[in-house]
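We call the chains A, B, C and D, going by the order they appear; numbering starts again at 1 in every chain.
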Amino acid sequence: MLEVGTLTSHYGRIQALKGLDLTVREGELVALVGANGAGKTTLLRTLSGVQPASGGSIVFDGADITHERADRRVKRGIVQVPEGRQVFGPLSVEDNLRLGGYTRPRDEGDAELERVYSMFPALKERRRQAAGTLSGGQQQMLAMGRALMARPRLLLLDEPSMGLAPRLVEEIYAKVRALKQARTTIFLVDQNARAALSVADRGYVLETGRIVLAGAGRELLGNEQVKAAYLGL
Amino acid sequence: MNAPQLEVTALSKAFGGIHAVDQLSFEIEAGKVHSIIGPNGAGKTTLLNLLTGVYAPSSGSVRLEGSDVTGLEPHELAARGMARTFQNLQIFFNMSALENVMVGRHLRERSGWFTAMLRFPRLTAGERESREEAAELMRFVGVGEYIDADADAMPYGALKRLEIARALGSKPKMLLLDEPAAGLNPTETHDIDTLITRLARSGVTVVLVEHNMRLVMGVSDHIVVLDYGRKLCEGSADHVRSDPRVIEAYLGSEGLAAC
Amino acid sequence: MLAQLLQFLLAGLTVGAIYALVALGFAIIHNASHVINFAQGEFVMIGGMATVSLANSGLPLPLAIPIAVLAAAAVGVVLEKFAVEPARGASVVTLIIITIGASILLRGLATLVWDKKLHALPPFSGDQPIELAGATILPQSLWVLGVTLGIVLLLGWFFGRTLTGKAMLATAHNPLAAQLCGVNVRFVLMLSFGLSAALGAIAGILIAPITLTSWDVGVMLGLKGFAAAILGGLGSGTGAVVGGILLGIAESLGAGYISSAYKDAMAFVIILAVLFFMPSGLFGSKSAERV
Amino acid sequence: MNWRTPRTGGLALLAAVIALLPLALVNNYWYEVAILIGINAIVCVGLNLLIGYAGQISLGHAGFFGLGAYGSAILSVRYGWPPAAALAATTAGVALLALVVGRPILKLKGHYLAMATLGMGIIISIVIVTEDRLTGGPDGMSVPAFTLPGLTLAGERVWYWITGAALLAAVWIALNLIDSPAGRALRALHGSEVGAQVSGIDATRAKVGVFVISAVFASFAGSMTAHYSGFITPGKVSFFHSIELVTMVVFGGMASTFGAVIGAAMLTLLPQLLTILKEYEMVVFGGVMIATMIFFPRGLLPSLMLALGRKRK
């Protein structure tokens, strides 16, 4: 479904991606793990088109989208939940969600909204509240709900557990598993390597802009190199 | 044991109701390497910003060498011997590499505005000394080859060390490094490791915020682990490494792995 | 005494409403692009001058006005497309110089298309002053206040109720996240230039029957609008309206009770006084710098 | 001595241009243009220290220029001071004023700073237009020639050399400042304010310092204009003149002292040349401004140097 070939990208003057290859197949949950500054967020931004690729290619459903505008990619179904939530703080929860469905036909909006509310009941209770007043966990739910409003064919999740308490991390990952069961294709980036790799079908390890390891999720979880990279064990 | 060089008491910082740093207390001992670790979003960079005066704390206090320095401006703290680097490099890209380091000597320059504008001989002598010392510092941190380069022509890894050279320009008593190894390859990381050890040996107190555990565990005399802006635990590398709370905070809960 | 005060207040309210419209234009463009558009005053001029010339060519006002507003909006979009967009990523000062260049260019074009004379636009509904508790008010002032109120309500509806309006707010707050929602931020940029040009033009048309209009009428109005936008706190719609009204009233009271020669200075004295104590204006958000 | 550094080679080149230019100045009109360029260049060299090097915008420097001009004029005409004393007192007064208003103004950032400086300039301009008993109001006032004991300085040729010398001095001082600890502090503030602060630089103090220097440059140039032309009007104090000055700096190239000189020269000459276009003058002028900023966002001189540097490689 998604094929990335020798992708490079520069963040300011820094080459953040140094020729990166990976694939995501339909219905799969693929996790990408790596340390701070390895280029995880840059990769997701390049996939979404908010950060230009300087070389290589991104092919989605057979179409080359390497240089396509970000909003067109959303219409194709590539939807990202950005790092740090990035909800529209002054707008209400419901407005945030409706903006998520910006690219969808207007008449679908209400039905879609109900679907998201049934998945995240906490959001429905706070539908009139300004998104900026939500707790971190609720904002993460909102960011995910907002992305789901666009009916993603490929959901990109960037650091969904960042700064969240363990109980909330579990809650978020429960939603991720639910999405996976509903056959949503997901590409997940998380520093919480154990959480990410344990739900993933396959995983990649990113180090300074390059993929250094690939394999099944469980397999990577047991890998000594991965363990060493995360706790100096 | 000596009196601590830096004493942090019940320090808090809130952004729009969310506590990035929450009732944090710890001490820093002179001449040692201290590390502050914790998962993303744990409040490490905010803490560094509080310690160096970039942010004013919401409450709590910081004492440096016995005197209260809470709420002082960054340049006032710099004058008291504090220097730092940044996770998102704060290099002066409009200047040459050497000039960047010369700025680091700002507090030790002796000529003022008038001397400068009329270019009295005193200035020329000071400038020569300043240039030589800056070049020496660049060689010390291992970027000697860029002495004649413009800062915006240097690779990322070299810039990280250039910032350290700039910080050393003030001859600080305490150096705070914010993720010096982020974005570096293993060889470069190893160089940073050596550099930190050399600095500590020369008597500078090092406060390190870092994600690379191998680096942290290798160089630190003392580690403070943060989670959600609070202190999770502190102690030696071995002590911290074996604390189950730390493992959970880092690798995620065991419960998740089982499902 | 009281009647005089009321008279000053009414005059201030009228001109303040005009400042508010111009300030809203500054705020909308700043939100979308972080550009301060120093050509904002020229939209006011284009609105007034275009209406005058269309009316003189025999077109009835109800027809001339919308055409003039649309023309100004088109100029706004062209400005964005050909002067602001190509300079994306340039420094703030460079962008300021570009919009100042655009302002000079537009004024030059105005002298070519029209002339350098003063022009009057007939009041929309007569010039018989209306008595009000000892003070008088021109019917045109009522038009100014009524239309401004209408526009403020309309903008409130647009930004509060429509998805396009919310997409503009969202883009202003977080362009990255807006893009990830599928909002075409370039379109939003053009829309905001068009919209604020239209607002400026409407201000110019409303005020033309009271103060006359000419090719260089936009400079002072533009500066006062900028002052109002800053006074309210850049980017805040409420701030722009409140800032505009406050400046208008302060100016009118200052001219009436202190010195009419220093009427134009009032706005700037107030803005300096406010900024010294509230560096982000009255309603501006204090954003903590993240390092 | 290294002739390729700006302080030696650049100054020598500028001195040569000033020395040889009279060969091309066929009549008094062109002398006047040359003097005007020199005076604008002095203001721009100072303003560039503030905008180009320290990264702080000012849309009100015509105000300082006007205070210099009117201060000298009023003290020598209304109070009968000797011009040299009037000049000294005015310069000191403007420096003091800049010091006092600079502190609160320079705490502001970005567009708020632009607004505050703009407001300051406009207030000065309105005061000058309104206080007509002192200033002659919109009609302006005449100013006596500059005299030193036993010496009267008058005429285009004399003022050409005075302006040339003053410009050389201004450029020399600016170059000196840039290449010194204080100048590095200013450039550091532009590069990264927080980076500069943690290096021990007191941001407010440095900004106010350069604000005062740039105000003094403008005030001095204003005083020169008053005595040279013998007559001043409020036009040179207006908002438009402030904008003109900033445009010169940005046009020539921010953070380039010689760029500021070139910008002043180009934008002083351009309107003289454009007068042949008559009614199209404004349109072309505005168009040139937009196009230059789009194609050379860093200004003429730095873009030119960059292109030359690339070629050499």
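Heads up, the rule we're going with is that contacts are C-beta pairs under 8 Å (C-beta built on N, C-alpha and C of every residue); 3 or more make two chains touch, one makes a residue touch a chain.
Computed from a prediction, not measured in an experiment: that's the story for all the values here.
When chain centres are set by their Cα atoms, the one at the greatest distance from chain A is D. Annotation: C-D is the more contact-rich of the chain pairs C-D and A-C, by number of C-beta pairs in contact. Chain D has its Cα centroid 53 Å from the Cα centroid of chain A. Distance from the chain C centre to the chain D centre is 32 Å, each centre being the mean of its Cα atoms. One simple way to say how far apart two chains are is to compare their mean CA positions; for chain A and chain C this gives 41 Å.
Our note on geometry: chain B versus chain C, Cα centroid distance of 47 Å, whole angstroms. The set of chain B residues that touch two or more partner chains comprises 54, 86, 90.
Annotation for chain D: residues touching 2 or more other chains are 194. For chain C, residues that reach two or more other chains under the stated contact definition are 289, 291.
Of all the residues in chain B, the ones that touch chain D in their complex are 52-54, 73-75, 77-79, 82-84, 86, 90-95, 99-100, 102-107, 109, 111-113, 115-119, 123, 126-127, 130, 166-167, 169-170. Against chain A, in their complex, chain C makes its touches with residues 163, 166-167, 169-170, 173-174, 176-185. Here chain D touches chain C in the complex through residues 51, 57, 104-105, 107-112, 114-116, 118-120, 122-123, 126-127, 130, 194, 239, 243, 246-247, 250-251, 254, 279-290, 293-294, 297, going by the rule given at the top.
Note for the complex: chain D touches chain B at residues 173, 176-177, 179-185, 187-188, 190-192, 194-203, 209, 213, 255. Those residues of chain C whose C-beta lies close enough to touch chain D in the complex are 30, 36, 83, 86-87, 90-94, 96-98, 100-109, 111-112, 219, 223, 226-227, 230, 234, 259, 261-262, 264-265, 267-269, 271-272, 275-276, 279-281, 289, 291.
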